[in-house]
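I've put the structures underneath this note.
Paired with chain B in one complex and with chain C in the other, chain A is shared by the two complexes that follow.
Take a look at the complex of A and B:
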């Protein structure tokens, strides 16, 4: 639904129409600040910016994916999806969520692309198959490759949601039968922000949209195109089990005394030291917990090529580093270990890609 | 290796000690609160701590609740969902929790201030309210 149909252009006008008080809006902005990982005291400044913000048209294209990313966003409650989507953005095309189907659905996409040319946000989830002309995934008879290239032309920016769109993800895993590639390999002339994760944290998707609305530009990105506010630190850096790592206290199996005591899961294959994401603080399912809190190591799903990086249950250090000496020295060298292991992990990833290691039942 | 047990009673159950998961967050947080409260006391400087951004270990959130306790004031706001404001056992240290209309927590923070910002009437709302009141007076006539 476009702006004219709704009868307002800015969020401020929208709120005035709905009779929402300034206090309620301030509360909303406090939630937005939390969402964007900004200081909670910045709510008043956010309110001033948002009140004048125009609702951007958003076109969401789903390619070679499992719909997990959309499932993740629709579980977002900070703020509610309804307020995010219907008050703050104009979601003009999304296969899974839109009511229109068939020709009507495709027409709404074409109309939005034409009307908001140069201004709309293009969200992509899923990788793009390019082998054999891209015939392995088509929508309305057109290849994903064709649809992406067309939609990218008029986009103000592209948000690649999920590890598939960001880095190729599982479709790109060896032997990659469809020739799947991430968005950034095909589009070179538009700002692209990668919100990786399998799936990404819903609050991070919402937070990036909120940042764009508030500041009119994409947030600061890391060297892999991910927003620093959410991917600036490793899971390990922010893990509540980190003190146990520093003390050299590790669970050796999933049911030993160390596991029961909540000790570090490094030796059980946790990829926290080399994985950049906000799971340790933002958490999942409304802030309930995250994998490590549930007793399982991090899989590293927000990093490139995570699926081909060897077993989820092999320590990052194995076999290039000696775990005993690392454990003994960890209390002294602390964060330096993670850096060393990052190098080890990259080498390991290379090896694994060449060999395409598979998880065995024994490892489980 | 012993054969797998089919009896639930054979699985040992350990009661978790109250402090088992304390990894030092609470001590650090209380130190920060004390330092900020001192600034409020000295020169009126206010502060907010976003609890959602902290890597609490299981049980630590509840430990913080216990440590701060509840003071004399509790307030509830109804604005796009509820908000709960509690003055803790330490005056000037407020626990502010915002919920959405579905009852999910959307923001959870410690605010160090004479009065939390969200409780104050906002100038825009005061202005709109004044117009409504004047309109009502006009309708009543002389």
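Take a look at the complex of A and C:
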């Protein structure tokens, strides 16, 4: 895809208008190159490509969600970096952020869809309810399902932001009363990239957009449609507490000596070993920390069905279902079978005894 | 079904199924065996059953003296693998988490490095015993598919466990799924194969000693 035909003005022009220095921009490009695991020299190439890139039109649809994904992006503590995302794109529709409302807001979405048909990027946060015709979440009187299907038709690619859009997330948790599904379950004919997390790391959203603008295509994805450069390793692989795991030093409660010494949180339910995300390296709040660094185990929020994967405080090695009652029930059934077989055995023995004929002297 | 769903299944309903099959099988087989009873011995007893029975349980658990080198090899390798398996099962922190969660019982764990060495020795002993089973003509003749099945079902959790712990092959989630599945297969197989000996060994030893005791044979 030719990325230079995606939108209107170039990113360079836009940055110049806003007075963003070349130094700040190069810093951003270097950060993006590092995050995407590209060679160090590629930062200059990214800068060159981005400066010339036309800003793509982006339509952002928010469905069954909590606005945490938008909050994550907009309240980033490193505004000179992640906020550049809003300079890289032309955000033509985002009902939380835009000033327009009602008819005017919907008109801007329709205009952008018409003007940039086949070229715009569609960003979705939130899952889509499909039960009962999708009536459980509507915008301007139209269901999320309807809006998604319409907007997907003209999209160059779809970016599913957050675990709800990527995997169904919390609305999809049992018993899933609204029949919530992820975007990938409804749209099959467009490239979809999942940026999972509850919320996702803002730099990951920026990184994916930078990659798209630089190379004109989506980055390499894992089997769950997530960019490998950010989701290729587990939290456990990169966790600074990993040496304690290897030494068998575990905190047993959130306020014991182990916890104060910063030991591994595995026994307190940390899902780091099975969670693929960049939290341990990219961190949050401007590189301040990530949940484990703050003393709480990873919840596994960037993995599918994390809400239904047992308690957040159950160790990964422990069962997520009740074993005792099943075992007790099985013991009763087992005992019943044994008694029944024993009764049958005794009856057989009795029959054999009754059928036994004693040898008489006469017979001898 | 994606990996996460598979992990949720093996940690939840999969483990429930395995536990149900295991408990049902063990209770039914053990209780059936007890209820089967013993035929009344009409001969007058020449001694007690309990003393010789208990002594036999103890004697046959000790390292015997006066064996051939091959006998010692089998004995020591057998001890290493049985004790190693038990230590690995009962003293790894993650296993204690599981037992605490399922049974409400817990105890201090051994250092993971020590468990790793124990597991490696256990695996080595099991491989040596398999080689012996293949190469010894008598052993090979008296071995049937169940012996090989029991060996495979026992070594798989050890192998997958050590690979999970050391991060060898696959990622943590995939290897955790493989490890839990191998344990569940072992649980399901125990009551219905020769592996049932984990519950019958000592009662069988007692019975052997008790027969001798009843006949007045000193054990």
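Quick note on the criterion: the second predicted complex is superposed on the first by the 275 of 364 C-alpha atoms of A that agree within 3 Å, B and C clash if a C-alpha of one lies under 4 Å from a C-alpha of the other, contacts with A are read in each partner's own complex, and residues count from 1 in each chain.
Going forward, a contact is a pair of C-beta atoms (placed from the backbone, for glycine too) under 8 Å apart; a residue touches a chain by one contact, two chains touch by 3 or more.
The shown structure was predicted, so the numbers you read here are calculated from the model rather than taken from an experiment.
Asker: Is A:20 contacted by the first partner chain B, the second partner chain C, both or neither?
Answerer: first
Asker: Looking at the overlay, what does A:287 touch: chain B (first), chain C (second), both, or neither?
Answerer: Once the two structures are laid over each other on A, A:287 reaches chain B alone.
Asker: Considering only touches as defined above, state whether A:239 meets chain B (first), chain C (second), both or neither.
Answerer: first
Asker: Where does A:259 make contact in the superposed view: on chain B (first), on chain C (second), on both, or on neither?
Answerer: Neither partner.
Asker: Have a look at where A:30 lands relative to chain B and chain C in the superposition and call it first, second, both or neither.
Answerer: first
Asker: Contact residues on chain B for chain A in the complex?
Answerer: Interface residues on the chain B side: 14, 20-21, 23-25, 46-50, 52-58, 60, 77, 79-80, 83, 98, 100-102, 104-109, 117-118, 121-125, 128.
Asker: Chain B touches which residues of chain A in the complex?
Answerer: Chain A residues touching chain B: 20-24, 26-28, 30-31, 33-34, 37, 39-41, 43-44, 77-80, 83, 238-244, 260-262, 280-282, 286-287, 289, 293.
Asker: What does chain C use to touch chain A in their complex?
Answerer: It is residues 2, 4-5, 7-8, 11-13, 15-16, 19-32, 35-36, 93-95, 97-98, 100-103, 109, 111-113, 171-173, 176 of chain C that touch chain A.
Asker: For chain A, which residues are in contact with chain C within the complex?
Answerer: Against chain C, chain A makes touches at 223-224, 234, 236, 246-248, 250, 266-267, 273-274, 303-306, 308-310, 314-324, 326-327, 329-331, 333-335, 337-339, 341-342, 345.
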